[in-house]
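Next come two complexes built around chain A: one with chain B, the other with chain C.
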Partner chain A sequence: MILALRELRRRPGRFATAGVILTLIAVLLMFLGGLLDGLIQASTGAVRAQDADVIVYSDNAQASLARSRIEPEVRETIELLSAVTEVGGLGVVQLGARVPDAGPRDLAGVALFGYELAPTGVPDTPADGEVYADEVLRADGVEAGMELLLGPARSPVTVIGFVSDTSFNGQGALWASPATWRDVLDANRPDARVSGEVFQALVVRGDAEPDDLAAMIDRITAEYHTASATRSLSVPDAVNAIPGVEEQQGTFNQIIGVTIVIALVVIALFFSLITVERAGLYGVLKALGARSSTIFAGLVAQAVVVTLIASSIAAALTIALDAALPPGSLPLAVSADRIITSVLLLLVAAVVGCSFSLRRVLRIDPASAIGSSS
Partner chain B sequence: MFLALAEMRRAKVRFGLLIGAIALLVFLILFQQSLQNGLLTSFVGGIRNQDAPVLVYSVDGQRTVQGSVITPDLEALVRGTDGVGEVGRWSQGTFTVVTGGETRMTGGGGPGEDAVDASIIGFDTEGLGTPSDVVDGRLPTAAGEAIASDADAATGFAVGDVIRVLPGGFEIEIVGLARDVQLNASPTMYVPYDTYLDVIAAVNPDAGTPLPSVLTVRPADGVSDAEVSTAINDRSLELDALPRETAADETPGVAQVRQSFQIIFLLYALVIPCVTGLFFLIITFQKAGALTLLRAIGAPAHRLVSALMIQAALIVTAGFALGTLLYLPVSQQRLGGIPLRFETAAVVLWAGVLTVLALGSALISARRVLAIDPVEATTGTGVGR
Partner chain C sequence: MTIPSPPTAVHFDTALHLEPALHLDDVRKVYPMGDAEVVALASANLTVGSDEMVALVGPSGSGKTTLCSIAGGILSATAGRITVGGQDITGFSDKELTSFRQESVGFVFQAVNLVPFLTARENLIVVDELGRRTGAPARERADQLLEELGLADRAKNLPSQLSGGQRQRVAIGRALMNEPDLVLFDEPTSALDTELGEQVMELIRSEMKSRGTAAIVVTHDERITHFCDRSVHIIDGHLDA
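Coming up: the complex of A and B.
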């Protein structure tokens, strides 16, 4: 082990090429992971933030807020359930917002939510005409106290504060009262207008487990409102039901998986070649009493150290890339969790890749090594 | 040649691992090339492959069809712009539909029907905002008819299928298929404008009459697409006219998808020459003694270099062939709503790029071989020592 680490210190150039390849692969892993996290965060923040057990959509809405409509009588039925403690309406409309001092064609994409039960990190419902803005909108020049004009009708809303991680479909969220949402929707999207006390979805808190609560709600609405049955989902299920989320996760994870296999093959290739090169040296070490396990541990230690160095450089490069990208250009979200996960995966690949050399180390015969040396 | 092949035969695992690594990299690059093209086509194929030369959005729409609303005064401005020949209305919405019906029916969904998201586009002028490449059937002419994307034919949108829109149960019959006309990565149907209005009314009884999302424009004779776009944009800061290709490329998300994939491709393309270069460098180091001896007994340097380059070429060829074989079945699949295709042009392009990169990286080892001094065979030194 000490010999292996000493070799790394004295002849780092020998490991430089493998280190460069692993660095590139680590950057790839962290970049792919960051892209996945960024895409998911930007699509799902508003749903993830819901402080609820269940989100109730209309049955035929495919868990899309924009297409869901919950009538007041359906809400009343749900409120009658003993396991339900609180029910709040939720609605959204996606529009362009005119920001003061921005160019006349330079609009910020926003998702205006009307809510009754405050999501996590969002204060209680503001007064009509006021909104809390997601902090991603700061990149568009939005500031507290500013009046934004929404949609073609130029519906005015005033920003009174900021919240974080509540983006929806890649747009920064604005959190408003139900009346404000209804007015803005009515003025700007006549084809999506909702009347009276209709909401697009209900946010439900209760005493039962979320899945049980969802089943109860769907059962009772199917029984009493055949034409307006509901589809209720726990918050994690509602996040996964957002179109594209599961597909994005599946595709990116497969690509990341194959990239890990490539890292494994590269490490296996490199250390099997190193082992072949040092067969004579290992024979001498064995003749002097070194065990195969000690020699193999040295190889693993080298692989782990090279991988750690490559991962550190890759992490720095990925963070630098993230910092260099202009806000809003790529949905990249580099997080400590993602970097640590990538490093752990690479370390596993390094150890497994090294194990391909184990057989070769075990097969080295000290006697023949001494013979060939002499 | 003999030396190169003999060595590869004797060290199957070593060379096999390298071929495997290159094959996996090639597979990933080609798969992601298909994914990128499929993603972009399913996002904006409905814009790129329709026949209106110019699309006019409202600035509020931020270049998305569904987000854009053209008010009557804006429409009047466009119709009155110099250089505008013909103007049509185009509206789009996303709806829940059920597939699986082969005949018109009434009432609720039945067994075998699947609820999916679908984009419905209403057009009011044939030849101005209708699919440009009809591959089966015809364009819709009557109320309740639609033409769909050929990519969705296998998922319940084939000619003769009846689609029901929920809620309300409005029925639409598919009468034609067009090539690559998906929008927003979902099944897409083009219907006559009145049918679109009927769908809105059936789905949301509270809805007012929807305004057109976009205007489709054909320039007058002698006026280019760019000129008419500029003329329209000059009429109002509320209008955003774009030639068809620009409209597709400027759709939010398209540039981000392209940039993301370019970075990914660049990184993968860098890994391949590094892996190949590393392999041959180590092999050359390991064979230093033998190579020096061969030079000392009269083997010309170019023969040794040829053997090295032949090995590199064979490995890249085998790796590329294996990677393409892995890619072939995957490229026939659908990924969610995104149909993948075997991208022949990408296969040819990457074959060329990767061969050049891999052979280029092997040249580093070739330089070391050329630097061998045969005299070193008598002194015990050699390449890399």
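Coming up: the complex of A and C.
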């Protein structure tokens, strides 16, 4: 082990190629992970922020807010449940917003929410015509006190403050009163108009386990409102059920998996090459009394150190890249969790990659050191 | 040609040294080759005294490497009994042989084979680092050996910065690190010209004799056998003392 680490220090050049390739792979891995996290964050923020146990959609909506409608009678039925403590309506409409001073075609994509129960980090419902804007909209030039004109009808809303991490489908959220949401929806999406007290979904707080609460709600609505039964999900389930989220995760995780396999192959190839090259030296060391396990441990130590160095450089590069990108240009979210996970995956790949050389190390015969002139 | 006389004064400081350094009793080594068998060593009997230096002479393919490897615990014999420094290693497993090599024998390989990225001093200390480490005593021993071998001022040099003779001396130092009962020299002069070869043999002799350590020098070069106490010839696996 000492021998292996000393070789790394004395002959860093031998490991440079593998180090550079691993650094690039690690950057790719952390960048992909950051993109995945960023995309998921941008499409799920509004749902994740819900300070509730359960989100109730209509049964046929496939957990899509846009397709879901909850009638007031259904809400009353749910409120009758003793386990339910609070119920709030939720609705959204996605529109283009005209930002003052921006070009006439330079629309900012927004998701205007009408809400009754305040999500985490969002103040209580503002007065009609006022909104809290998500910070990501600052990249579009939105500032506090500004009047935004929403949709083709140019419905005006005034920004009175900012909230963070509440994006929806990649668009910055605006948080408004239910009346404002209904007015804007009515003016800009006549086809999706909802009457009176109808909401798209309900957020429910209760004093039962979220899954139990969801089951109770769905059972009672199925019983009393066969035509408009509900499908309730805990907040984490609702996040995953957002259309596209699982598909994005699946796609990215496959790419990340392939990248790990490439790292593994690179390490396996590099260290089996090194083992072949050092067969003579290993033979001598074995003749001098080195065990195969000692030699193999040295190989693993080298792979781990090279991987750690490559990962550290890659982490620094990824963080620098994140800082260099103008906010809002790429949905990149670099987090310590993601970097640590990437490093751990690479370390596993390094150890597994090395193990392909184990058999060769075991097979090196100390007798090869004697009677040969090479 | 002058034949150096055997040493007159021998220091037996421990009871262990009274044992012969090597005792081979009817040792046989056979390699299977398809259906046939190749006899590399046919019932070899050899005793090397506790401070004796024996030249093992034979042409290539004669079995001298096999004998040397068996004596050094690198190969297991097919039959026969092998005792090194009083320790019977006949039935040793691979693992036991590994620790035996680490503790009881020294090797000087034909191509010297120093670790290229370690300094002269580290090439000695590496022997200690491969096994159960002793640390400071090993470092002291390495410094002492380098001093005795006239390499004190070369301790921090890499093998590539040393001459052939100096490298040979580092290799001898490495072989002596574990205070072995027996040192095996595999063709120590094959890569050297006559003059340097004789210098190296003189060095080997004085190092072995001053320590009272037994040695087997494998060679096909009759010119250097007079540095040893006696010569044993081997042809086609048969020993001829």
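Assume the second predicted complex is superposed on the first by the 363 of 374 C-alpha atoms of A that agree within 3 Å, B and C clash if a C-alpha of one lies under 4 Å from a C-alpha of the other, contacts with A are read in each partner's own complex, and residues count from 1 in each chain.
Here is the rule we use: a residue touches a chain if its C-beta (ideal position, glycine included) is under 8 Å from a C-beta of that chain, and two chains touch if they have at least 3 such contacts.
Please read all numbers here as calculations on a predicted model, not as lab measurements.
Residue contacts after overlaying the shared chain place A:R10 against chain C, while chain B stays out of touching range.
In the superposition on chain A, A:L273 makes contact with chain B only, while chain C stays out of contact range. In the superposed model, A:V284 lies in contact with chain C only, and not with chain B. Of the two partner chains placed by the overlay, neither chain B nor chain C lies in contact with A:G141.
Of the two partners, chain B and chain C, it is B that touches more residues of chain A. Residue contacts after overlaying the shared chain place A:P100 against neither chain B nor chain C.
After overlaying the two complexes on the shared chain, residue contacts for A:I262 are found with chain B alone; chain C is out of touch. Within the complex formed with chain A, the residues of chain B that make contact are 13-14, 17-18, 20-21, 24-25, 27-28, 31-32, 35, 58-62, 67, 69, 71, 93-96, 115-117, 166-167, 185-186, 200, 203-204, 206-211, 237-238, 240, 252-253, 256, 259-260, 263-264, 267-268, 270-271, 274-275, 277-279, 281-283, 285-286, 335-338.
Residues of chain A that touch chain C in their complex: 2-3, 6-7, 10-11, 280-281, 284-291, 294, 366-367, 369-374.
Listed in rising order, the residues of chain C touching chain A in the complex are 65, 68-69, 72, 74-75, 95, 98-103, 107, 109-111, 113, 115-118, 122, 126-127, 129-131, 174, 178, 184, 186-187, 190-191. Residues 17-18, 20-21, 24-25, 27-28, 31-32, 35, 58, 60-62, 64, 66-67, 69, 94-96, 104-105, 107, 109, 151-152, 170, 188-195, 198, 227, 243-244, 246-247, 251, 255, 258-259, 261-262, 265-266, 268-270, 272-274, 276-277, 329-331, 356 of chain A are the ones touching chain B in the complex.
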